[in-house]
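Here come two complexes built around chain A, the first alongside chain B, the second alongside chain C.
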Partner chain A sequence: MKHTTQLPDRRPLRDRTGAATAAAPSPARTTARRRPSSQQWAAWGFLAPVTLYLALFYAYPLYRNIDLSLRNYTVRSFVQGDAPFTGLRNYLTVFDDPTFAPALLHTVVFTVVSLVFQYAIGLALAVFFTQHFRLSATLRALFLVPWLLPLIVSASTWSWMLNSDSGIVNAALHAVGIGPVNWLTSPDWSLTSVILANIWIGVPFNLVVLHSGLQSIPAGLYEAAALDGANAWQRFWRITFPLLRPVSAITLLLGLVYTLKVFDIIWIMTKGGPADSSTTFATWSYQLGFGNLLPAFGPGAAVGNLLVVAALVFGLVYMRVQRKQGLS
Partner chain B sequence: MNRSAGRRLTVAALTVIAVTAGATACSSGEGGGSSKAADSGTYTIWDPYPQFDKGSAWAKLLDDCGTKAGVKVKRTAFDTSDLTNKALLAAQQDNSADVLIVDNPVVSTLAEAGVLTTTEDNKLDTSAVDPNLLAAGQAGGKTYGTPIGANTLALYYNKAVLKKAGVDIASVKDWKTLTAALEKVDKAGEKGITFSAIGTEEGSFQFLPWLWGSGAQLTELDSTEAVSALSLWNDWLKKGYAPNSVINNTQTTSWQEFASGDYAFAENGTWQLANAEKAGFDYGVIPIPGAEGGNAAAPTGGEFVTIPVQGATDRYTTSQKLVSCLASGQNLLDTDTTLSYVAPTGEVQDKQVAADAKLKPWVDAVKAAKGRTSDDLGTKYPKISEQLWKAVQSALSGSKSPKDALTAAQSAVK
Partner chain C sequence: MTGVVVTRHNRHSRTWWKTAIGLVLTAIMLFPVYWMLNVSFTRDQDMRKSPPGLFPTDATLEGYRAVVDQQLPYLGTSLVIGLGTVVLTVALAAPAGYALAKLRPRGGGLLSFVLLAAQMIPGIIMAMGFYAIYLSLGLLQSVPGLIVADSTLAVPFAVLIFTAFMSGIPGELLQAAKTDGAGAVRTFWSIVMPMSRNAVVTVSLFAFLWSWSDFIFASTLASGGAHQPITLGIYQYIGNNNQEWNAIMATAVVASLPAAVILVLAQRYVAAGVTAGAVKD
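Right, the complex of A and B next:
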């Protein structure tokens, strides 16, 4: 509580002292000894590699992406480097595109449904594995397999399994007397199929993080609750769930960022199709920038930036929530 | 004590910076000067054949051509889908390869970007090349390279399946007779035809013979002829003559379906010939029929050898020697045999057929074939193609009727 209330007035203070140490004392002290200035040089020297690294590999690409999205790039102007500045035209093009509304809807549905199921299944499995039984470690290790496999392998395997004519899923459905479903080739099912695959891939991550979160809940609490007559259900909702909240929050936030940008699974399984029925912002951005013989860098970058902004917004929401939790 | 510690820190930090800066300078220098001044006796060649390693006949051919031209050749192989963007980026950094081998529909895009030299600039001789193949590399009356070889699409058929269904392949002459054959195959309990209708360039590539075979043009996607072509595919799917999986099939997965031996027909390319031999059943090849008979024009595949624009224009002479060495005479025959391509010149085509009679239907198909970017479509083609594969996907997946899908496609192109 103290920490957060102090934050707002502490910042300018730090800035002031920072500026003061940088500017004021140096001329005063140089006459006496050179040491502080050389130390400062050393400090800057040590800072330089990291700053350089951040600037080269984070700031510049981000700047370049924003720049791309604000100019009218054709292949010619891309090579000549004389693309005219067009302001927000690319963004308007993207908003006006008939693909925009479905892509937005698919991105939201894909992310929310994936997160809910990944988290629920991950938590259920994590709670299950806290009861140490024989083979529990082995089983837990097995559950990690989806996470360890390269995405191209798992996505290709899913697309084989879900193949309309020769897939094992339709064969199994046939065995129990259900007609074939066009998992990947029907506009009604393609989004469901990629969500299914994505949930399967995301469960292990949730399982691992939540499982380690569970380890940090003191066993004494459960014993006390059991003595008070709380049943398993009550123990879960009154102890496990509330105490797991910080871990849950970070799991969900990381999951959200991962899921928003999921590209490989969708691209390998359906290419965002058929007829845009499983297109999300991530696949759409790629489609615009690289999926065509004639790349549309501007609109592609614009869609990419929208994704970055979405992830940023949720990151800020998370920090806000964290701060509130800290206050209460 | 304190003081020396401070100094040591400074020295350490400066060393770190120096090393980092040195390293970055080195690496950027390496990337920046690969084709230029740094070593004027080394010529870079970029190709889309990562399947050929250093010991392959292709790599040796490149080295030999370099030796003949009196220079060293440095070859880099890229994945086809990567190469367009790599070439654009390199041109942006003024760091293009001396010789660039790219997929033919990309040529007009690169030419539009001002990346490629014309044959007027680089003095390449393209007179021996078949005009229908060369057209894919022409825009605005200029030629931007020469084809190294061509491939195209045709119908493979499984003799055993057709025999079982009682179909005589000679009866398949137009769309009606083809559909009748598929019906017979279906009634006999076998599978009909497989192709690739995936939502990428491959899907458009496979649909084009039917589009052109109907008499439709790429400039008018909503014509009745075009609708009839898409309806043909759509009906096959609805009646079960073609599997639903074609919507997601690449040409490779479609081939795998045919190679299982269950399918009567498959639309696929010259490059599968070697695999067809290995498939373990008797197969035949016929050109894709037009709606009312005759052979439909199929799109040409295969790469062009081009010479990108350089800062140092005196390099063109040697580059031209390299390209001529690669794309003419005995070398051309060797290359096209290695790549399983049909040669772009009549002279070499005759030699190929003489050596292997099985290539005859393919040479005929290539002669009737048409470049995707021909008819001066150039960079309009990629936009049309994207709408075309979307329309095919919409229709086959049942989200729109063929007519609505193509109408939407045509209005999106405009």
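Right, the complex of A and C next:
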């Protein structure tokens, strides 16, 4: 998933919030009272478009989605807008659906396994690239490529690489004496395949953010540790890893929020199949709403809303952590 | 003088193996990209060869001919939608960033919070909501509709970037403009915007890239319409003729060009954008 982060510890204090500079000389309340009202008018004049935009294109679609999940929509009533209110029945339908348990399990496995590998590989590469050697910066830049490619490009390339008969992956396995694996067409392997592709896409983000976090660890610490006889392994576990914890927390939390909602890769590679073996909440929601001839907008929206709740819970944790780090 | 040269030479000869490891790691990481290129040049009759050819020895341009014959309208649509998204995003986010960074609006903190939270809403939710709204407004399968939907991918991020960047503009400068009688709009347009060129570039790059790469809005809001973006072009290609993988991969290569251009021309903006907030002039 494409995402970005804000590193709390890399920004000068004055940049953190507009209010930080404002509140510094005097208590916030008097500052607020002293703000000239003409400036307030100007400020909200500048903010009006984006506020209106948020209301129209974030709040309203969200509201429509909640409304969808609480009514019994058919194609006809969807167009005419007179669907009967059914309360939480769509949610009960979803909980009772045989797809619910597998979708939940796949969402958790997909998210956790992706995050663990993206973070571990990203961190190893970040440490490697902090060393000075020829071409270091260029190669690190090239690592960004998977992150920049459109997801449909990455997903279709992986699809062909993992093709059972003509894919390069099975050809390589064959060369070392392992029989062909039906990566995308076997229920045993489809989830592994989409996780593999997702790890590849997520490594660059982890690399860049963790690398920039490593830059803020003072080099003197390593020199002192080296003088005291600590080897590279000890230096990593005693210095790098603990000091990187704040940045790691931010990276993992944001990664979590964004991995939960990954849709494109799974849908393009396997459509959640075969037989729901790689379906997650995101693809299931799409499947219900748009994937069948007869759309089930109500249950689709209900599944989506469960996803929103999960994303927002972890999102709030992320913002809390980030704010706490910003203050300390 | 010679001493310096010798030490430098020594340092590099001591680290050459790190460069070698770096090259190997990069090659592994970029193998799928190479494979996409390789397949895009492979002839139809070699496509099912076992084992597949590691190099396009009998390279063909059939795949790229198919792109020119069939995919140009999709590419054009994506270009228009991408540029539209950039304009809309900058127009909405730059004034908001200025207000949040410099004008200390009451309730600005809350607005920033809402923007952060908005980034976390899953795309499928937004798509379903937009679908319901566009259906009643008759905006399905329209280019403006897709521009608005795609801009939701970039606007919250753009406001954050502009706020962080514009906070760094010296207050004395804006005060001086005010003393000279410039109003807020004038100050914004003649001083803040010209000084924020780098932020505009960063935001534009990401807005374009995300809109160009968007699949979920395209497939829900534009599917089957007269103007479909390139992501749908590829998707339908995979669905319709999964025999001609050279054409599919050639389209994928062409669809990757904006990413390649951005990486070559504007790499520092990209890294800056990933670690947003570390943006400095």
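Quick note on the criterion: the second predicted complex is superposed on the first by the 268 of 328 C-alpha atoms of A that agree within 3 Å, B and C clash if a C-alpha of one lies under 4 Å from a C-alpha of the other, contacts with A are read in each partner's own complex, and residues count from 1 in each chain.
Convention: a residue touches a chain if its C-beta (ideal position, glycine included) is under 8 Å from a C-beta of that chain, and two chains touch if they have at least 3 such contacts.
Everything numeric in this text was worked out from a predicted model, so none of it was measured.
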item	value
Partner chain in contact with A:101 - chain B first, chain C second, else both or neither	neither
First (chain B), second (chain C), both or neither touched by A:152	second
Most chain A residues touched (candidates chain B, chain C)	C
Contacts of A:88 with chain B and chain C, given as first, second, both or neither	neither
Partner chain(s) touched by A:277 [first = chain B, second = chain C, both, neither]	first
Partner chain(s) touched by A:39 [first = chain B, second = chain C, both, neither]	both
A:166 touches, of chain B and chain C: first, second, both or neither?	both
Which of chain B and chain C A:286 touches, first, second, both or neither	second
Partner chain in contact with A:186 - chain B first, chain C second, else both or neither	first
Partner chain in contact with A:51 - chain B first, chain C second, else both or neither	second
Those residues of chain A which chain B touches in one complex and chain C touches in the other	35, 39, 42, 44-46, 49, 78-79, 81, 159, 165-166, 290
Residue ranges of chain B touching chain A (in the complex, touch as defined)	2-3, 6-7, 9-10, 12-14, 16-17, 20, 81, 84-85, 88, 91-92, 105-106, 109-110, 112-115, 198-201, 243-245, 247-248, 257, 379, 381-383, 385-386, 390, 393-394, 396-400, 412
Partner chain C, residues of chain A touching it in the complex	2-7, 10-12, 14-15, 17-19, 22, 31-32, 35, 39-40, 42-47, 49-51, 53-54, 57-58, 60-65, 68, 78-79, 81, 125, 128-129, 131-136, 139, 141-154, 156-161, 165-168, 171, 174-175, 200, 203, 205, 208-209, 212, 257, 260-261, 263-264, 268, 282, 285-286, 289-290, 297, 300-301, 304-305, 307-308, 311-312, 314-316, 319
Sites on chain A touched by chain B in the complex	33, 35, 38-39, 41-42, 44-46, 48-49, 52, 74-76, 78-81, 98, 159, 163-166, 182, 184-187, 270-277, 290-295
Touching residues on chain C, where the partner in the complex is chain A	12, 15-16, 18-19, 21-23, 25-26, 29-30, 32-33, 35-36, 39, 47-52, 91-93, 95-96, 98-106, 108-109, 111-133, 135-136, 148-149, 151-152, 155, 157, 159-160, 163-164, 167-168, 183-185, 188, 206, 209-210, 212-213, 215-216, 219-220, 231, 234-235, 238, 245, 248-249, 252, 255-256, 259, 262-263, 267, 270-271, 273-278
